[in-house]
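In structure tokens below, several structures.
Next, two complexes with chain A in common: one pairs it with chain B, the other with chain C.
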Partner chain A sequence: MRKVKKAATPYLFLAPTIILMVVLLVIPICMIFQYSFLNNAIVEKSPEIVGFKNYSKILGDKDFWNAVRNTIFFVLVSVAAHMGLGMGFAMLLNSSYFTRKTKTIARVIYVLPWMFTASVIAILWKLMLQPQGIVDYLLAFVHLATKDTQWLSERSVALYTITFVNIWCGYPFYMISLLAGLQGISSDLYECSALDGAASGQQFLHITVPQLKPIIISISMLDFVWSIQSFAVIWMMTGGGPAKKTETLSIFIYKLAFNSSKYALASAASVIVLIICIIAAVFYVRQQKKARD
Partner chain B sequence: MVGSHKKSTKVIVSILLVLGGLFAGFPVLWMFISSLKSNTEIFAWPPKFIDIHFNLNNYSAVLGDSEKVRFFINSYAISGLVVLFTLFIGIMAAYAFSRFDFPFKETINTVIVSVQAIPPIVLLIPYMSLIVTLKIFNTYFALLLTYMVFTLPYCILMMTGYFNTISTNLDEAVMIDGGSRWRACWGILVPISIPGIISVGMYTFMQAWNEYLFALTLTKTNDMRTVPVGINLLMGQHTYDWGQMMAMSCLGSLPVLVLFIFFQKYFIAGMSSGAIKG
Partner chain C sequence: MMKRRNVSISLAAMAFGALLCGVNVNAADDAGVTLEWQQWWAVECPEGYVQAICDRYYEETGVKVELLSAPFADTKTAIVSGATTGTVADIVSVDGSWVYDFADQGILTNISTLLDADGFDQSVFMSQWRAMDSTYALPVINFPYPMFVNLDILEACGIKEVPKTWSEFEEACKKITENGYYAYAINLDSSSPSGIQNVWSGFAWASDITMLNEEGKYAIAGNAELAEYAEYMKNLNDQGYIYPGMSSLTEADMTSKFASGELAFIINSAAVLTSFRQEAPDLNIGVCAIPVKDGFEGTSKNCTANWALGITENSENKEEALKFIEYLFNADINADLAVTQSAIPGSTLAEPDYSGGDPVFPDIYEMYMAGTPYNEFTGMKSANEFMPEYIDEVVTYMDGDTDTEEFLQNVQEIRDELDAQ
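Then we have the complex of A and B:
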């Protein structure tokens, strides 16, 4: 009896977590797979199984491929720019040129964009980017914009604009993680290489990057997944428009489900996105394990 | 020669530092300035920087409107509840992961880690029917439970890591004295782990306070809306009363900013270890 009790103890501690995860994670994921094979879900009282019809419909939909293209651009540019900015800012904050106090103040300012909720970010940038707004005013000095550039409603620039806003609000996560990594690199490594006459560019490539590699890989995997999921800022800034130019996969799925009530089609599209994210996650977990060992 | 080279590097690096500060900080400053302007001043061309009739009218308009105040009450209530429940359940789970070996430990752990990779939009469609079936649509519970799916994993992973650094001798001492596992967890480990709990709690609060997608879809009436959804609702209602929207944005950002300023150290530790440990 006592033995049974002892074996059960960890599960008792885990019970609330397991129940929550089963009801709100495992079951919903099963449901979405099920929905994706029905003719319609939720609104349909007695749905029929239609096999892979939803998938072939989604894969033949040019709006889906438009969303895929937009998402690929959005994700790749965001991840690359986050990495570049995050690394640059982290190195500034780690440099020996400034006093501790300056660095502390700079760190607080640099991390600011991470503190704001998506709707604040969306509204703030909408205000700044509106025709005759502050961005036009400042960019007019360097002749990069006119008094009424349509940053969000001009088809050719809207996607760049929302990507820029996503870059602005996402880099602090990289910066903080990389800064922690930089501070963990032993200064001996730099001193040795300096004695060997290595230039700072070489030091960056041969010491900094290899030392930070585990962090770089794990944060870019996380960011990759986060960027694919990105919904709120885009939804509030453009709603996917103009003419679907900023419609990413999340927006595409949301509209299909909650604007057109095509839940089964939306489920099929969700499953496709889920599979992409799971592949990224498997890679991520493997990386974590490698880093731990 | 070397000296002047170093000096010019310092100048360049300093310029970069300031430019970075403008890039990150100017939009935030602009939000604050705009919240003190009247709507006509906001639309002025060229934009006004200093010669503004600063006033708090936008703030009093927001705080005097019971519907908008309700958004804040909802956000505080939901975020507070999410923090409490996440910490309670997450600490128990972390204790199990840290102190026991049991069948399926790795499997359960993998499921928990992989939650980070599941797009919320994927879960939203099944939630629609699940939440309606459970009869909690348009209630705090709908948001509390669904938020916890995303806040718990971080809490469990962080707290497991924290507990792993604490010697198991402490637990054993409690149990030799006739205490239970429960007491070892809450009476001994939790008090030692306060710094870790603070940083997890803050991160959880921030996640809950900032959530938008579920709040938008799983609530319906204005009296159940949270701040992020509420701010966006203003856009439709007042045909771009930017001043009020900026005031509400400032007020809506305040809790997270205040937490950040007071607990910066914990916050940054939490953020960076999140990436390293998963």
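Then we have the complex of A and C:
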């Protein structure tokens, strides 16, 4: 009896986590998989299995490919800009140009966008970006835009605008992570390279980047997945409009499910996104393992 | 001794009270019915107002009504997810654009059958929402969508009278724009697509321009009247009379622009009067009928939104649920709800007294009664899927990327595709 008890103890400790993961993760994912093979789910009382019909329908839908194009632009530009800005600010905060006090103040200011909730970000930027809003006023002042520029309603600029807002609210995560990494790099490396005559650009490429590589890969992978899933800010700012110009995959799936009640098609599209995210996750785990080894 | 006696009396009183409470509880238990009501009304009515109606109903009938309140935007999802899990409420508040799909999906029960069995005088209902030849929801109160006018802007621009026709409206818009104000706004944000029905279509309905032909079929492509209306609106937009950024403008944005005195005209629910009075007490508001096409002499179709109730198929207490809905059509209750919400009663028995309400509401009431309540998105198949698609086509057309013929053809194709599903 004691032996059984002893053997069961670790599983009992794990049980709450396992139960939560099964209920909140495994079961919903399995249900989505199941729905994606039915003619319609939830609103259909006796759904029938239709195989891969929903997948072929989704892959043949021009709106899906429009969402894929928008998502690719949104994700790639966001991840690249987050990296650039995050790295820039992290290096600035790690430099000797700032005193300890100004560093603390700057850190608080730079990290602020990450503290806001999606609704606050959406309301804030929507107000600033409205025609004749503060952004128009400032840009018109320096002759870069007119006072009536429609940042969220003009089809040629709306996607750039929401990408910009996503960049603004996401870079602090990179900044914090990279700053922690920068602070862990031994100054000896920089001193030695300076003695060898390395310029600051060379130091950055041959010391900073290789040292930060595990962090860079980890946060890029996480950001990639988060950006693909980004929904709230886009929905609240443009709703996917004008004329689907900012409709990313998450918006496309939401509209399929909750506007059109096509839950099976929405599930099929979700599974496709899930597969993309799983590929990124596998890559992330492998990198983590490599870094540990 | 005295103390002990007092304690004894108190205990006896408490026991008697408890007994009485017990009797009450038993009475409720005898009735044995608790109805759940999923709605957004409690969120939008004064605090405790809807609960007070339920409490009064409980006192009168012993049937308890539990409120499940959520904002309007979350109610549809709550109903669908509740229907999936079998936990949906007995009574649900529904929007006109949901009715067909909810009926088709088996979420709402056929009220016609229940009404026939119940024997309630159906002439009390001002209207019934029908889908597939049966009633699935009953509008309890109605919200007209008149045109609100900022009278101060009109005065500042030298406009003596509110415009009654399209040409007068265009002339007024011109003067307003020349004086540095925005004349008119259309909210076409696709995350909350109400603007396509209440504002874009509402303007057309006033001149009896609709998507439906006399046989009740969608005749959008080649519809000369719709084409004329679309070109009129495009011209207003090209002239800069319409507030820029319509495709990301929500109803709330439009309302706040009007409240802040930037806009001269908006079409909005009469219910918004309350928030105007609270947010902008100094705003000089007038209301007028939506301008009609020059030469139009028919009866205007007035855009109307409603607070309606349906009964779910899952409910085990459908008859009791119908009784509660019928209770809301009681003359006093319906009239009071209408007055509280600046709405028009859904009961023919109700005689609301608006004298203590907003000074412009009697004008709205008069305009509403003079026209025909109308909303062609109510009971429309897949209305929620159609509206964002329609918005996209309007936005593309207004940007000049499609011509009128192509625009109407595209909308017709979207409609036909949804009807064929």
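The rule is simple: the second predicted complex is superposed on the first by the 293 of 293 C-alpha atoms of A that agree within 3 Å, B and C clash if a C-alpha of one lies under 4 Å from a C-alpha of the other, contacts with A are read in each partner's own complex, and residues count from 1 in each chain.
One rule holds in what follows: a contact is a pair of C-beta atoms (placed from the backbone, for glycine too) under 8 Å apart; a residue touches a chain by one contact, two chains touch by 3 or more.
Note that the structure is a prediction, hence the values are computed from the model and not measured.
By the document's definition of touching, of the two partners only chain C reaches A:152; chain B does not. Legend: residue contacts after superposition of the two complexes on their common chain; A:260 is shown touching chain C, with no touch to chain B.
In the superposition on chain A, A:244 makes contact with chain C only, not with chain B. In the superposition on chain A, contact is made by A:42 with both chain B and chain C. Judged by the touch definition given at the top, the superposed model places A:236 against both chain B and chain C. With both structures placed on the common chain, the touch criterion links A:280 to chain B but leaves chain C unconnected.
Residues 42, 236, 258 of chain A lie at the contact with chain B in one complex and at the contact with chain C in the other. Within the complex formed with chain B, the residues of chain A that make contact are 7, 9-11, 13-14, 16-18, 20-21, 23-29, 31-32, 35, 41-42, 88-89, 92, 95, 97-98, 102, 106-113, 115-120, 122-125, 127-128, 132-134, 137, 147, 168, 172-173, 176-177, 179-181, 214-215, 218-219, 222, 225, 228-229, 231-232, 236, 250, 253-254, 257-258, 263, 266-267, 270-271, 273-274, 277-278, 280-281, 284-285, 288, 291.
Partner chain C is touched in their complex by these residues of chain A: 42-45, 126, 130-131, 148, 150, 152-153, 155, 158, 235-244, 255, 258-261. Contacts from chain C toward chain A in the complex involve residues 76-77, 80, 83-84, 101, 105-107, 188-192, 243-249, 253, 382, 384-385, 388, 391-392, 395-396, 399. The touching residues of chain B, when paired with chain A in their complex, are 9-10, 13-14, 16-17, 20-21, 23-25, 27-28, 30-31, 34, 42-43, 45-47, 89-90, 92-93, 95-96, 99-100, 102, 105, 108, 110-130, 145-146, 148-149, 152, 156, 181, 185, 206, 209-210, 212-213, 217, 227-229, 231-232, 235, 242, 245-246, 249, 252-253, 256-257, 260-261, 264, 268, 271-278.
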